[in-house]
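Before anything else, here's the structure in question.
Naming follows writing order (A, B and C), and every chain is counted from residue 1.
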Amino acid sequence: MLTITDLEKVYPTGDKALQGVSMEVDGNEVVSIIGPSGAGKSTLIKCVNRLTEPTSGSIVLDGEELTTLSKKELRKTRRDMGMIFQEFNLIERLTVMENVLSGRLGYMGSWDAFRRNFDDEDVQNAYEILDRVGVGGMENKRVDELSGGQRQRVGIARAILQRPKILLVDEPTSALDPETSFEVMEMLTEIAREEDIPVLINIHEVELALDYTDRIVGLTDGEVVFNGTPAELDENARDTIYRSGKSREETGTESQPQSQNESSSSGISDASKEKSF
Amino acid sequence: MSYEGSTTWRKHDGRARAIRYAAIVVAIAITALSWRALDIQYTFVVDAPRNLGDLLLRMYPPNLAYGAEILPPLVETINIAILGTGLAILISLPIAYIGAENTTPNAVTYALGKFLIVGTRSVNVIIWALFFVVIFGTGALSGVLAVAFRSIGFVSKLIAEGIEEIDAGQVEAIRAMGGSPLDVVVYGIVPQIKPAFVGVATYRWDINVREATVIGFVGAGGIGVYLDTAINFFQWSNVLTILIAILGIVIVSEVLSAYLRKKVS
Amino acid sequence: MGSADPERTGGYPSSWERPTVFYSKNVKYLVYGAIGLFVLWSAWELRPSPARLIGGADAATSLLATMFPPDFTPEARGRIWTGMVESIAMSIVATAIGVVISIPIAVMAAENLVPRPVYYVGRALVSISRSLHELVLAIVAVVAVGLGPLAGVIALVIATPGFFAKLMAEELEDIDEGQADAIRALGGSPVQVLLYGVAPQVIPRMIGLIIYRWDINIRASTIVGIVGAGGIGVTLLNSFDRYEYDFSLAIILAIIAVVMFGEILSAVARRRVQ
């Protein structure tokens, strides 16, 4: 399905965000990427649909090499990759319906897009998906009137309406409270199962990864340091993933208290305690 | 607080006070000097209020019948404001694009954008009108162009600021779905700058109605032409009628533009 | 949720219309259409014939040719200097007098300080002053007192309350009422209330506004001459009438320089004061 080989990314600033990452996502697997802040999780996801251009390496989706696609081919292939963002990235001043239907933009001519002239079938599907993600009846609301949880549901609906072959998800719950985080993760994974598509998801909270994903990839300083099932993620493995996070913390680049906990050895037990809640 | 601290504080206060008095004295001196420089005869000044009063008395009552006659130039004034604003927006879009930090292609285009914004803003509408009357002759066409050129700086500056404030995440999302560059503009950028855009357009139109009332003094169309004529022919009650009409359209357009801005927020 | 919905397949509408601020899509198109027609009609009214546009291109080239290089000969510089000094002097005198007459109007237009009827009179004065362009005021002032800088000063003085009294009234409406009440409680007269309870609170902002208004008056003082009300504008109009476009360009460049200098000076001064 999705195969990443020796992927490297060096930002113009000299930051080596990815240093030879190789991994796979198969069938309808839900794979999570965990790792301390700055490990390169977002960079990895964005390299897959080339919102960020990788420096070297290869990414193959369904037998197609993505890193060498021309602009036109890339646009076409991006339709096959639904993306869900940490900050939702919805068009705030448009209605929920327009946002969901914008998932079809890759399939439409620009003139139809401009006139909001969507296919009947797409409209029907959009209504259905809105219902499924739990925001049915809100189609005429403007997105800036919604709560965070509702926004992320719209974000999921938009990605699903793309009928993608894979979902790329970048920290879908960081902007949400814990309760809503669980609901959104639950729904996201359920829908992916129903649609029978794989998910590649960045997660900050280890307990969400343990609960909702089939496989966990640990990323530290742009390198894969763990790749296994949730059951295999023992204290030792966590130590490896978050160990170098400690030095980052000392340099003062940490911002989220959650990851600060995780990156100190005592924080790990905190995280596992939280899991029970 | 220590004793020493309080004395320095008082000293400082004393100095600030001295500076303040000095500033007042200087301001008065400059004003007096300016007055001397103007070389205005004292008797004229004494007579001025009476002359103004006399003029108003001669104007009263307004000539209501004349009201119907000046309807076409009033409409023309508003049209000049609308077309001038519209044209200004068309010209401003590319200027705003190169004058916004996040969309401008390079440093040279950015500097050019900034130069055009500052340059057009510094030349008054009546000066633009003088030029366009030389080029295109008298009439509303010159007026529209004058109003448009005068507005470019203001409109581009505000639109550029609108563009600089857009959220890149929304643009990224459209790209991630396989949207074309045009989709990115229509879905990612336009909705975000629409309120700023409508605000600028209506606000500038409101200002331009006022500007369009005076360009007629140099022959660039609108109600100003009639005001000039009425004054030259000493038709005082017509002058008052025109002044009242100007007051009317300016106030109505102010209210209308405020209403439109509120509606699209 | 969705999966429990019996009508899950086919039960959903296949069309959707974006809600509009108008009552329906048709009304929306009607409104847009009407606006479009109006604009087209206004454009038609201008009737820019091709001949005129071509003539315009010719006129523009010859205009540009005569304009460059701008005339900065010593004689021209002298005339620019004289006119500019007059403009700047007009702006200073007009600001001083304008502010003096604006202060009572500002008090009248402050909702919290005066009785209702007075407030309405104050607002009306502000509105009238704001609505009339400096040049309209100037052309009328020229009729009343004759050509020259006095007319210009009068025009700028009358235009000042529209800006100054309006913003000043807003400042007055924002004051801390407690301080004014304290003076009232001591048995202060209304004038004493203004002097001791209100003035200290607004004077720094007022000075900022005075400088700001002066900046605006400089701009206006460079153009009122076009209707004969004194200053560099008179020189500019004469240069146009005599087809001395190279001198016109020099004057305009000088105006831009003075306006920008005034803008910078006023920005710096306002920052120092506040």
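Operating definition for what follows: a contact is a pair of C-beta atoms (placed from the backbone, for glycine too) under 8 Å apart; a residue touches a chain by one contact, two chains touch by 3 or more.
Computed from a predicted model, the values in this text were never measured in an experiment.
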{"item": "Topology of the chain contact graph, where touching chains are joined (line, ring, star, complete, other)", "value": "complete"}
{"item": "Chain-chain pair with the highest tally of contacting C-beta pairs", "value": "B-C"}
{"item": "Chain occupying the middle, per Cα centroid", "value": "B"}
{"item": "Rounded Å distance, chain B centre to chain C centre (Cα mean)", "value": "6"}
{"item": "Gap in Å, rounded to a whole number, between the CA centres of chain C and chain A", "value": "52"}
{"item": "For chain A paired with chain B, centre-to-centre distance based on mean C-alpha positions, whole Å", "value": "48"}
{"item": "Contacts with two or more other chains, residues of chain C listed in rising order", "value": "none"}
{"item": "Contact footprint of chain B on chain C as seen in their complex", "value": "21, 38-39, 42-43, 45-46, 48, 52-53, 55-56, 59-60, 63, 85-86, 88-90, 92-93, 96, 127-128, 131-133, 135-136, 139-141, 143-146, 148-150, 153-154, 219, 222-223, 226-227, 230, 236-237, 240, 245, 248, 252, 255-256, 259-260"}
{"item": "Interface residues, chain A side, partner chain C - complex", "value": "95, 97-98, 101, 116, 118, 120-121, 123-129, 131-134, 136, 139-140"}
{"item": "Chain A-touching residues of chain B, taken from the complex the two chains share", "value": "167, 169-170, 172-180, 182-183, 186-188, 191-192, 194-195"}
{"item": "Of chain C, residues touching chain A in the complex", "value": "1-3, 5, 8, 10, 12-16, 18-19"}
{"item": "Residue ranges of chain A touching chain B (in the complex, touch as defined)", "value": "49, 51, 75-79, 81-83, 85, 87-94, 102-103, 105-106, 110, 113-114, 158, 162"}
